[in-house]
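Letters A, B, C and D name the chains as they come in the text, with residue numbers starting at 1 for each one.
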């Protein structure tokens, strides 16, 4: 009997062009490779989360992957009730012998794009736009700043957040306004980690002919020639791997923290940003990557340190 | 307009026709999305009303809406449009959580829950007090101030949660989980037929509040003063009712009710405080209050209707991937439109039909 | 700390983001001065933003997009008129219904047509042209003029100029034109207006239509100018902020515009305040700074403003009886 | 004489009420035609149909001999019909000028039109001797001035048929005289005036013909010259109405209300009341006469506890039932506390202060009395309300109706009934019979006298000297915020009172 699989998105939804979408792509790849289909659901609220997970478990799904930290607590609760069902929580941790928690070292990927940004910037003024002020977003910002300062200690990083309510992820006008305000202050590279609002920021950057950095999935193709790079977070791989392990019977519970070394995060270099990445930048970013890989550089994780060293 | 219609027609036939109209339009949309409307309706009804567990979920969602609906209704009785129930519920959640985090290791369950209840009510009331006070003493429009206070609440809670509440090293911007002593008893533990659903004591509480609301507003001196002040400031002054007092007290009560709505979500189901946990329940409360015409039975029915849409709609989008969950947001809007705003659409026609029946049979129905 | 604040940048940002609130708030002024509560601004903005973006994309022409947005907004407004004027239904309920319905419908349609998660494709080159003063190579050499003509007065799309031109025009229209006189009369005392031989329903429909056009411009500005695409729920509470500005401005065009600009100003200031270390308090967390425009509004309302007085017939359907 | 307006078989139904039942009569051009009838007889309804405000269910209207479909006010205005409504149809926060121009602006841009209109209006003001500030906002005007605005509006529109619905209900006698002068001028110019009023002397004084309505039908059409007050009253009510009420001899008890040195200044420092000293004893009716706007309203507001907001500008002492009232506390609950002391209050503006329009009749019967019990026993309240309605002959007798569904006179009866039922020691009554028909006036007067005979102290404020004469034991005359004279009913002298009202000291 084949195991059954399910994917649970958070409020961002399947097509958020961000980590939900990335998870979806991973599952789709699994489906294509194995011809095994899966169920996917979008959860609209916290209270609904438990209900969904429970329903799926009861329907006899064997592996349920929940995307986004909002599901962490729910997974922990429901996993306890269904010890025979396996759970994957992405971007959060949940305890349980049947739970695998997948975390990413966003700070490492952000560090790399910070390095690229500081090198590409003419003004040495960099911008960061986050959706809501939460630890995850601070970890992005902190890694980015560390990377930039490693290149040029005098580089300035200006941070802005879009808002405090759920609409902060869907407010492209505010995102573009933040980007414009930043560019007016002389900032010429902007890293946007703000969901749909970030798309507005990228658009504004394109209009002003400056450079932007995408997030989560490779967004370089959105605005070729504008996108300096993207900080990719391979949620797709995490999902694909989990599903595969389940299929092969090698699935294991526990916490995995995917960084550069594990291929969990990276920077994106493809035809769309080839023209912006000079050999010099490419060399420096790759050597920064090496430094992190071999432990010469330790990128501080905001979530562990509870503060950013810079 | 419909005063010449018998009560059974206004209270039963018209709402039914309106609901039917909304459903017909919704069916059209579902058809256009490539699914069978009848099948969709069957799934919707079956999953929210057709089985005990689904019904329990429906009531669970309705519980929050009853409370926020009551919050908005109380204020409306006094002529105040409290758009801030959402923020008040959010702050109520803070009050509840502070009690839980502080005492959940040291207190017996019933005491802890009572204390948390008071914390929720108190914080909700406090958050509503400021707009109430400003309206009463400074004449600042309560609509504007409560909208502002929703935004301010979101900022404040964002700050408090990520700065003080997240357990160190956690990703999720949320408090730690309360100890089980702080969990509201689930009705399923008393009536096993309800299954493992989050329907909890707050439902009983909400229904109790509905009854209290009905009695207080229509059958007490305080309710009389409230309604009088809501209808005519001059008459209130003539009767020696302190307008400022009514405004402030009403906002306190309204805020407390919104705050208590957090009980269902936090103490009854999630057991921790998270960012934006209200999920717009305060705004749905406005729709519930308006559609239910601030009447206890109306509030109950429209809250349940919203519960049905959330529970049934969710299951439907699970079964029919072609129908995105947002379709039900649209259908919610349609139902509010047809049952709430266009409630009298069929009144003239119905009254004509009834009249001709009257004439044909020569008696008054 | 003060070198962190670039006043000129704040001013430019205020102007650039002003149309969103100005158009919507003026739409509110039209509807509410005629006696109809308009909570549906948010929904109308969203619907027109979607249609404007979708049609701009389809025809690769922003003007057609705006026209389509206006058309849709006017359809909603006609429904609003039917409910509020003919049916004498509850205007608040209508507003909430439309907001919820449009939030759902625009997503469903965007998803149906574009499959981008409730987003429209990027509009690419199909955007409004930006107005630039002539002789740029002359004045751009002088920094002050460069700022004034290049960023403050110039460099905006036509919608920005339209929004600002509306301020004096609406003031004139409301106070010194026949239409305005009748509109105000209908909103203050429809019985008196009716007795004076004015068609109350017609006047209210007209007011709503004017509001519908303006509201759709706000949505179009959001989608076509500020973002370059449509995104689900992109109105992001701006409709309610606009209503706030309108109440704040006592339902009068000039004061309402000031309210909008105040919001814009403090939003722009707040952007600049993030990450700045202040004396004594130090760096204020971003989430707290977000409060700024709202706290300021409350303080101004409570402290400085006189009581706001709504049009007397606001929200009361016109029924010919005592 | 040619016919200006003719009604043929006009019927109009509101729900269960048949407001007009096959009404037919004609009005001659160039005449002043009176319409009288009890409250709720259907007078206003008929006029509203003529003005296009309501649609008749059946029947036809002929204007100048031609049948006309009047679908709305616009049509009526086009036919030269103008109407001054019972409740003024003015937009309060606009200027006089804008109100008059409304609907007849003359062009899209107002600026030039305003100047033109101003000129026309100024000549009209001179011609008709109307004193109106065109730039004033309506809400800054007294009712008399607002009335003049309404008249001026009709003059400006060149109305040929002018309907006036109870125009004098809120006017002082002087203002009413001025109005009648204008109406006569109107008539001289060949225009037609339709006048609805409850005041029979006015009918007799100014009209040429009079139509009497009862319960939606026309019961009599009379030549004014050939009728008298008694006949009119009889036709109206359907029974004979005693014009003089029997009064018991005066038997006063202890002092219930004592006012010493009362002064009131408004926020701008203008003196509204000065040196007010008087007392009211149990069992007597003290009336305050005066042209409205001379401080009577303020005095009533203070005594009933409704003017707490300006308390800091008030000095002096008020003692009610031996208890000194402290007005300085700014206590909004003061009216309720005064009620506990046995003070009842019939406010001048009953629609605004005395009732809540959207409440049912029984709920309105609780207004002001609501502080007695925590739990409202609905059954008991409805029963009590039914009893009151029956006692005061309120029509229709249904406590569950919204009070706004009742005619003005019946609303007034309910307020009065409620206040009397509270068994007061002191009754404050403001304009108790404003807008009320003659039968009801008699009813109200009888009740007030009965109250007096039962030993209640009554302070009556009225602009009707007739009323004061019928009720008062003592009369205080107010002018310019001062009491300019006091006289016993035995010394009643209209000329003297008139002089005192004009501010001439004794």
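Note that a residue touches a chain if its C-beta (ideal position, glycine included) is under 8 Å from a C-beta of that chain, and two chains touch if they have at least 3 such contacts.
Small disclaimer: the values here were computed from a predicted structure and weren't measured.
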(message) Please report the smallest number of touch steps linking chain A to chain C.
(response) 1
(message) Please tell me whether B-C or B-D has the greater number of C-beta pairs in contact.
(response) B-C
(request) Report the inter-chain centroid distance for chain B and chain C in whole angstrom, where each centroid is the mean of the CA atoms. (result) 29
(request) Starting from the mean Cα coordinates of chain B and chain D, work out the distance between those two points in Å. (result) 46
(request) Let me have the rounded angstrom distance from the C-alpha centre of chain A over to the C-alpha centre of chain D, please. (result) 75
(request) Report the inter-chain centroid distance for chain A and chain B in whole angstrom, where each centroid is the mean of the CA atoms. (result) 35
(request) Would you give the residues of chain B that are in contact with at least 2 other chains, written as numbers and ranges? (result) 151, 154-155, 158-159, 162, 324
(request) Would you give the residues of chain D that are in contact with at least 2 other chains, written as numbers and ranges? (result) none
(request) Going through chain C residue by residue, note those that touch at least 2 other chains and give them in order. (result) 111, 118, 232, 237, 285, 287, 290
(message) Going by the touch rule stated at the top, which chains touch which?
(response) A-B, A-C, B-C, B-D, C-D
(message) Quick check: in the complex, which residue numbers of chain B touch chain D?
(response) 3-4, 218-225, 227-228, 231-232, 234-235, 237-245
(message) Give the list of chain D residues in touch with chain B in this complex.
(response) 15, 304-306, 331-339, 345, 347, 349, 352-359, 363, 366-368, 370-376, 378
(request) Could you pull out which chain B residues touch chain C in their complex? (result) 1, 29, 33, 81, 83, 134, 138-141, 143-145, 147-149, 151-152, 154-156, 158-159, 162-163, 283, 286-287, 290-291, 324, 326-334, 336-337, 340-345
(message) If we count contacts the way the header does, which residues on chain A are in touch with chain C in the complex?
(response) 13-17, 21, 130, 132-133, 158-161, 163-165, 167, 170-178, 180-181, 184-185, 196, 199-200, 203-204, 206-207, 222
(message) Going by the contact rule set out above, which residues of chain B touch chain A in the complex?
(response) 57, 60-61, 151, 154-155, 157-159, 162, 166, 168-174, 177, 196, 198, 265, 269-272, 274-277, 279, 310, 314, 317-318, 321, 324-325
